[in-house]
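Worksheet: the structure to be examined is printed underneath.
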Amino acid sequence: MQSALTIDRERIATAAIDPTAIREQFPILSEIVYGKNLVYLDNAASSQKPLAVTQALDKYYASQHANVHRGVHALSDRATEAYENARKLACQFVNAEHVREIIFVRGTTEGLNLVASSYGRHRLKPGDEILVSEMEHHSNIVPWQIIAEQTGSRVRMIPMDDSGQIIQEEYLELLHEKTAIVAITYVANSLGTVNPIKQMTQRAHDVGAVVVVDAAQAAPHLEIDVRELECDFLTLSGHKMYGPTGIGILYGREELLDAMPPYQGGGEMIKRVTFSGSEYAEIPHKFEAGTPNIADSVGFGEAAKFMWNIGFDAIASHEHQLLEYCHERAEEFSDIRIFGMAPQKSGVFAFEIDGIHAHDIGTIVDREGVAIRVGHHCAMPVMRHFNVAATARASFAVYNSIEDIDRLFDALDNARELFNG
Amino acid sequence: MQSALTIDRERIATAAIDPTAIREQFPILSEIVYGKNLVYLDNAASSQKPLAVTQALDKYYASQHANVHRGVHALSDRATEAYENARKLACQFVNAEHVREIIFVRGTTEGLNLVASSYGRHRLKPGDEILVSEMEHHSNIVPWQIIAEQTGSRVRMIPMDDSGQIIQEEYLELLHEKTAIVAITYVANSLGTVNPIKQMTQRAHDVGAVVVVDAAQAAPHLEIDVRELECDFLTLSGHKMYGPTGIGILYGREELLDAMPPYQGGGEMIKRVTFSGSEYAEIPHKFEAGTPNIADSVGFGEAAKFMWNIGFDAIASHEHQLLEYCHERAEEFSDIRIFGMAPQKSGVFAFEIDGIHAHDIGTIVDREGVAIRVGHHCAMPVMRHFNVAATARASFAVYNSIEDIDRLFDALDNARELFNG
Amino acid sequence: MMDDLKALYQEVIIDHSRSPRNFGSLESANCSAAGVNPLCGDELTLHCILDADEIIQDIRFVGRGCAISLASASIMTEMLRGKTKTEAEKLFDQFHARVTGTADGPLVDIGKLEVLSGVREFPTRVKCATLAWHTALAAINKTDEQVTTE
Amino acid sequence: MMDDLKALYQEVIIDHSRSPRNFGSLESANCSAAGVNPLCGDELTLHCILDADEIIQDIRFVGRGCAISLASASIMTEMLRGKTKTEAEKLFDQFHARVTGTADGPLVDIGKLEVLSGVREFPTRVKCATLAWHTALAAINKTDEQVTTE
């Protein structure tokens, strides 16, 4: 890493992305908090939404809304088309082979619960093992604990090292014929680590296990390709990738979804209902009981287009430069400790400052208009690994700039002044 | 019922609601379909949204969005406040005692699945019985069939008579000490019947059963009061009561929710996670795993306010007049058969026309700009009761007018002309 | 009233829907299938006799449905009797292309099925027009599974 | 820098957070409770000796947390020693009203706790300032359950 003095501002300035132009598409970024211009660096928790997305919601409600699938009237037809078109966009977004492999869910948490409950109940036997890495978000731990308890199977942890990488040798040790499911995150929300999914998937398949990928933090930053990854299930949240709250997708391989029992029961997911029993619809409908979140699905499709328009390469290189700049600036300070030093890392800068609790840092920088997340980031096992209760985390999106990071570092000086001054 | 000639148009014109003024708040109602002004009579499937709701979504995304609950920065605080304020509005909407008795869900279907899965798994033993009425929507049948199969309990049907009312004597016969759960709809979507929930709840409590109320079709029309009804659980969908898609609420009595295991696992719903086990958060958070649908919750609160502003009495009397007018006009025709003749009936006009399949009716009136629903209305047991495959259904909202109904009846004449020459 | 409605509900259609041909069961059927249109709950069961040369010797149906689906089933059974499995499949492809408006090139002659081409203007009704066909193909291909048009 | 930040992070607070008083365990404790702030995962365990007259004879805590929660715990333990259970509860009510800005009427004297009143301007931090108190009250009321500030 270069020292702070040699930071190449020019290189950064010539990046493919012009955050200033992009910011205009995000009205919230003009908010003033405590008299300061907002600097939003809490993107890993939830990103902001471009006008294209909110306008798509407005347009949907103003000219297309009705309930989907079962109507013969014009609006119902428009709504169904809008909804199914969103599914096609989602299918392209993860490069799935079949549109019917895409199920709309509330978000990653629901996607993981659906797989744990429905696939898990169908497949897990007493003594089976579910491997979950030490860097998982709680949403990729708790559903497995619940189904393990119900089925007599067992959750085992794949440990990580101090740089925040899964220890591959330990993973291989843990894999054996009892391994039914491997659940891993593509990108760790508390560290930024990008995991070698494809390689891990191949090893899991060698022992006959299926792989469930939590792509919540990957979706906003990387081009996702389920066929290239060869994973069996993958799920992500719209609200972290410039889309609305309340919507996400679950990808599942057709044969697996076909064989699974439904998750929720109700309208839309049945073929025939009698009091002596019901027959279920085909996928994806089997897994979409009740009126779906139609408007936000449409918004999700719009968010995918927003990202395509910018381009994944541009997004990655822009965020990578922000991250590098952060690391460089951090070198100026001997009191900063960074969590997550994997060579493959996406736009997450997690840190602590000697003698100042993350929570206090959060409050202090907030008063400078700088929004970061502080706490355990729903990754308590990671906190335990590093023996901290909480860390501070800045995380990036396409609208962030080098100035935003300077604003963060300036605000950190305030914290030092208050505590050490 | 009066004959068509004596229809008292004046009485109707002096109703508390002026649909013309209300229509201005619904941009979609100005849509032109096939060159005709839209007449939207498919409200029981999903209602349209007033500007107040869509503008609340816009405002939320433009000035308040961040992830909720765990942030210390200004936006996170705003989002949390907006979200929890929506919960308070929802609490008022059903007149629950405690805000923590309100859980945000995707809609009625998810609410019913949550209760069936979480309460059911916790409470049902082999041999226990779940009573479900014959007029239930599939969403209030299938989840019970699924959990019955998993727990060895049994779903029994409470029959209805030909007017579309639950046969109370049969209900009392079915109730006994093995009855664990009674799941009934407040208003039947395929018939309009308003069920005597309070009375049925008391009888269920006499034998120690809990009562789960499907209020999906009640919420848009009646003032709901869970304390007056004395029910144990009640759930409804925002999208049927002028709110956004993707959001609804589940009310549950505090002691019951406290004792139930969580439904989905993940972020937000835990106190502490380790690989040796996790501790769950208090209600309502225990049941809200993952990032909630924040924006649409806010929109839900706005929809509740929209209804309060009009007033439940005004809504009920307006819709009642529309229904009466429909029944009156139907008397003009000997070929119309109405389904659902309960004295207590809300704004649903379900019918068939001799010799013309509902599906064909739907298509023909659609070309006149009139949107109605045709099919089994996710209530196949009701269709079976009346030995039909499908019915046609017009259902009302505050923006519907007497002219809308005249437009429907005119369009029905087209169907007769095509089929009968 | 609108022309496309009149084109959809031609007299022939109304007639077939009121008095469907080949309606009834077929004791000696050697292949059958059931189809359901989840849109409206309509169900249709199809029976046929396929001989050793894969020629449809007889074909009948029972069920209920809208005018479009009954007329389509009725006309289909009339046309399929005597056809080979392959001919039936080809005819369905042509018919499907016509009612979905996806046919390219010059219009092929689909005979009596022509009366159903008005469905093209009613995308939500394509399922009604094709239910009988999907069910028939399932029957002659001896697919056991129940057919749906979803 | 902003005045309200300076009011929040007064020197006394920083000092208490760096060298919390009454930090440690208490072998002879007859009541204890654990508290957790789910916001940041901070945990705090409180031990005390309550005598037959419900007077707090000794009180200590262990745990980790932000400056606000540590300072609050530290100052609280200093103030509660020698108080009765009822006095402790009353003091908490006054303190709670002050930090949430919900006190009405003339300000009561809350003694040393005054240094924490800057929290009023930071609603998201009220939980940090009150965690120790919730835990203490749970302990002296012998509530077994773990306390959270949610």
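In order of appearance the chains are A, B, C and D, and numbering begins at 1 in each one.
Everything that follows uses one rule, which is that a residue touches a chain if its C-beta (ideal position, glycine included) is under 8 Å from a C-beta of that chain, and two chains touch if they have at least 3 such contacts.
Note that the structure is a prediction, hence the values are computed from the model and not measured.
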Practice prompt. Go through the assembly and pull out the chains touching subunit B as well as subunit C.
Written response: A
Worksheet item: CA centre of subunit C versus CA centre of subunit D: separation in Å?
Response: 77
Fill in: Euclidean distance of C-alpha centroids - subunit A vs subunit D, Å
37
Worksheet item: Taking each chain's centre as the mean position of its Cα atoms, how many Å separate subunit A from subunit B?
Response: 32
Item to complete: Express in whole angstrom the distance between the two chain centres, defined as the mean CA positions of subunit A and subunit C.
Response: 46
Practice prompt. List, in ascending order, every residue of subunit A touching at least 2 other chains.
Written response: 34, 70-72, 76, 270, 272, 359, 363, 374-375, 380
Fill in: Where subunit D touches two or more other chains, by residue
39, 41, 124-125
Fill in: Arrangement of touching chains [line / ring / star / complete / other]
other
Practice prompt. Spell out all pairs of chains that touch, sorted by label.
Written response: A-B, A-C, A-D, B-C, B-D
Response to the item:
Within the complex, subunit A is touched by subunit C residues 36, 38-39, 41, 123-125, 146, 148, 150
Item to complete: Write out the stretch or stretches of subunit A touching subunit D in their complex.
Response: 34, 355-360, 363-364, 367, 374-376, 380, 383, 389-390, 414, 417-419
Worksheet item: For subunit A, which residues count as touching subunit B in their complex?
Response: 27-28, 31, 33-34, 38, 40, 42, 45-46, 48-49, 53-54, 57-58, 61-67, 70-76, 106-110, 112-113, 116, 132, 137-139, 141-143, 145-146, 155, 157, 237, 239, 244-247, 261-262, 264-270, 272-275, 277-278, 289-296, 359, 362-363, 365-366, 369-375, 378, 380-381, 384
Fill in: Residue ranges of subunit C touching subunit B (in the complex, touch as defined)
1-2, 4-6, 8-9, 14, 17-18, 39-43, 64-68, 122, 124-125, 128
Fill in: Parts of subunit B lying in touch with subunit D, wherever the complex brings them together
69-72, 76-77, 270-272, 279, 281-282, 285
